[in-house]
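Below is one structure; the comments refer to it alone.
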């Protein structure tokens, strides 16, 4: 029997079996804890090598921890972090950024999940006004919370604007692998293929970002993310911030070993390509069903689709997807690294049935 | 070749192979994330069953996260947490309790790592004085940071005193399994053997504590601890506090599966018994070497020993132990669940050699 | 020569001379500090008597301090405070609520500065969702940041809704005296005159609010505000929260003495009536000038007016008013307790001149 | 009838009448709020001129606010502030430093209230250890909480040591005027008289400190303190930190006017000299009574005296002094700027009577 698949989130999926195997393969040696061991060192190097430039790599437990601990090194409590209103830091981290970092989040309303310099600019008007938190950081999500991609050019425009305006740039890369996979596929389709690392760099480090939360749990790990500093000034106090944010693991090699396997043979890219391909297939299938409207381009591994009145709760019940926007009958369907075309096709088929049933019962 | 063993900390050891195996054994099914899955549910029940009484169980990543998230539900920022000066929360959590919880820690100087009601009482003198943080919590470590045990009676005296004085009681049980193992062995030796769970309950829940940080990583897990609330009022906001403290894991079943295996066939107790036995053997061995003074009773898995002048750095270099007190030439040797008598004996032998060498060179 | 008057803010005005005199009149006796003195006690009683019901009164330095210290007793860091997007706590307190209180502010966009139950309701949808701050407090401003008034009925509707939904209600009353004055005048004009205290109670305590930041500095004091708890459970830890928020004054009688004079002979109401009357006169005058649009009802002491293109910076320069909304050429003109009709008339006259000049130059 | 005098604290005294008069003398003009007015500007300059060197001056409400807001610019939450265990920031600020600043206070036990480099040095041992808050600031109190003075040389030794060890130096100068007065008198007595400002500089800025909390409320103001930055890097974010710490006053000129009068004709020094003289007289008087032991040199305006068994509560009752150390029967008697020799003498007389009564009753 094949394993059950849900569409609730890409963290509903299991860890990749080879990543789990890497844990079994670890020796039973003792090692100095908190990262001072050869496995962790190798994993840090492996992550750094992905980016082909000077950077510092630190492992943490989870995405919220990565974001909050990184942002604490970027913004003082009287400063502000600018982000899309739907950003994970603003919507889904239980208020950890404010409560632990102290700073204020300035969320910008923009339905495609992205930001442009002209969105950000008005928020700089209160620079120097002592009654307002002072904007210090621009935090972007790549790919965004609604499955869209910042192209390298869009990203570069933002980092240029940010740096010209004394903002540093944080990227929440909970799905950075999916961004790289999207770019990899786009370049392939354009007849200008690039390597896995080049694709990753194009949608992150090459654009001049300062800090990246390098996600991995959603794309095949059991637990563990990395924070990558391209700006070494910001990295200086990070070890202490990580510890204080409760994100320092003692038996660190159990994160390192996962990353080593994740990066070997581009497993990270293969996983992300599979997830993206599933989303593309799903979006294409749904787009052909009358009454379904794929509301946002399925550029990564999420599909945001408006469904016929009354069907959202049914889909939620059957496929464990989220109702993203109740008023618009929009549901979110997330595809994981272990996406299977038969499961996707069955979902499409079921969606078609459901709309047909409505027709009959009306 | 046998695996290398260090004495730096009990988190230098690897995870127990059966615990690692439990991760490989997990199905590849998708599950709703953040703990709403059957593996996590079973693990929560298994932990609760250990204590034989009503309690609520929550999994987190690590000990600092367990302590800080729990204490946030026990003390407001203008309140205070009373603890031994050497408590992990006071010495080794990077200031997370203060920075995240806001409250003040009131550390009491007492070299055996423990506290008694008469140590605590003077700190209640400023109750009601609006310029001082108001004592709200008594936080004890079982077994303590210096390897000593609170007997059930000592613990009960403290909880009675605390509750009579409007303090709730938190126990940092990073080594609670070692405490249970100590009590288990003592009862066995006294001819009044008890079950594994009875031993655990005697040194924790039976004494009327409110909240326990139930450690497991130091005793055989890859990562993961539990917070157990015996006081349901304090538990009410905990889910939100856990999330905000960045301690909510998405793929929670990978913690749950470890706990299930850890609790099966009393693996937790076996591990702790082995570690404790190693410490006892080590302490006995060292006690017989002239110039070595076992400074504190080795009641659990740590040995604190004063060594001849000049040897502390040598031992640190060779065995990766900590120099606990430079002025007293005291080192800390921690024994893990995978303790081996040959390694312990070799350490003792080496200590004897070193002191003999000193004799020769002088 | 008459004193200069500005329209930047009602805190640009001086303290009322009789309030200053009250400080000179204080005896040179020593008194126990931090509020344990007869002047403070009398002032606390005087404030409490205004409301004619059980309440607890505490003095603090300023409005930000009043709001933040009060809200800390109403919301835990993982909870949220719902307010209008333009609320002082959200826009003008330098991020103190988040940085000191930890909680998240959920700002609702509504241009009249007010809120209704139907505005608030959607924000309760994430109750119980552990990834989101949990709504705990509804914070209203009376009169609002844009010079509008909650009628007693509107306020009662909100408190009923809030309490039915497990929210407590905080009122930022930086301009509560102006609200009372508005109601007092409205009742007078309706032929159903009420007393000063009845007017105050109608727009605050009678509506079932839990906590009031009782402002006074903007209405004639040198410094000093009060926090009034109608909900005694919330008041319990307040003394400690006040101290920790750095808002406990040592020589407290110098706040108490101001309040005693401020409340004597309804000086507070007289001041507010004068300010409101100035705003009404100003709004009426501006409304008659072609090209000027009084954008919001001048129900208290602020006038928000859209001015002809290009004039906003001129008015800002000449009258020190704020440009409230650059896109709409809207300026804010605040009137103080010492409002003089000649000054208001000269402002209106000047506005008329300016628009005429534009006509000529075009 | 002469005003009543207490010995509870130097903030039990009233404001100096001339300081109060300065408030009455202020014009009734409107002024831009939050410090952008000529009175505040003049007061800032006047404070800066006291120190005869580049510095930046900011007014705040109270001492806790001054200390906390200043320290927030000096230490990140994962850093630590080193101080004497009895420091006001550690003992009397309701946990505001930790709760608002996040950082940890490392209190050193030393009964004379002072610190030396050799006291501080051991606390630097954990530099770089990621599990510990990193020492960043040395906070000294001048004069100390127990009435002792750092000589210019002692202070310079500390700042040299601190700067050589990457610590910046904060001075809590709640009683800095008393320190200056002590030095002024000592120099006078040594036949090498100095000016008021030279005396002040000798015990503060000349020693190379970075930031001073310049107290004034205890020495004659109604309210208001200043924070003086000699280190301009640290000052850069201060405006925002002050606002966020709820310490920004709107009608700022009411603080400025007090400071202008306080600094005119060296009123600040006269007040402090009077207080110190009172303490000296009191200490001398008590020293002659059998059974009384002046426990610490009365170098400023506080007298710490051990009294015969049983008398401490009597003195507390009659003179409102604090029992400083119950075990040692030590009381604290604080003398204010308005000290009168008749009141001091009566206190001495009464102490003599009390001890005589004991003799009789025993």
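Quick notes on this structure:
So that you can tell them apart, the chains are marked A, B, C and D in the order they are listed, and the count of residues begins at 1 in each.
Rule of thumb we're sticking to: a residue touches a chain if its C-beta (ideal position, glycine included) is under 8 Å from a C-beta of that chain, and two chains touch if they have at least 3 such contacts.
Please read these numbers as outputs of a predicted model, since none were measured by experiment.
Chains touching both chain A and chain D: B, C. With centres defined by CA atoms alone, the chain at the far end from chain A is D.
For the pair chain C and chain D, the distance between mean C-alpha positions equals 35 Å. Chain B and chain D have centres, each the mean of its CA atoms, that are 43 Å apart. Distance between chain centres (mean CA atoms), chain B to chain C: 52 Å. Shown for chain B are the residues that touch two or more other chains, namely 77-78, 93-95, 99, 102, 130-131, 133, 240, 243-244, 248. Residues 77-78, 80, 91-95, 98-99, 102-104, 130-133 of chain D are the ones that touch chain B when the two sit in their complex.
Of all the residues in chain D, the ones that touch chain C in their complex are 3-6, 8-9, 11-15, 17, 20-21, 23-24, 26-33, 61-65, 68-69, 93-96, 99-100, 217-218, 222-223, 240, 243-251, 254, 320, 336, 338. On chain D, the positions that touch chain A within their shared complex are 34, 72, 76-79, 102, 130-131, 133-134, 237, 239-244, 248.
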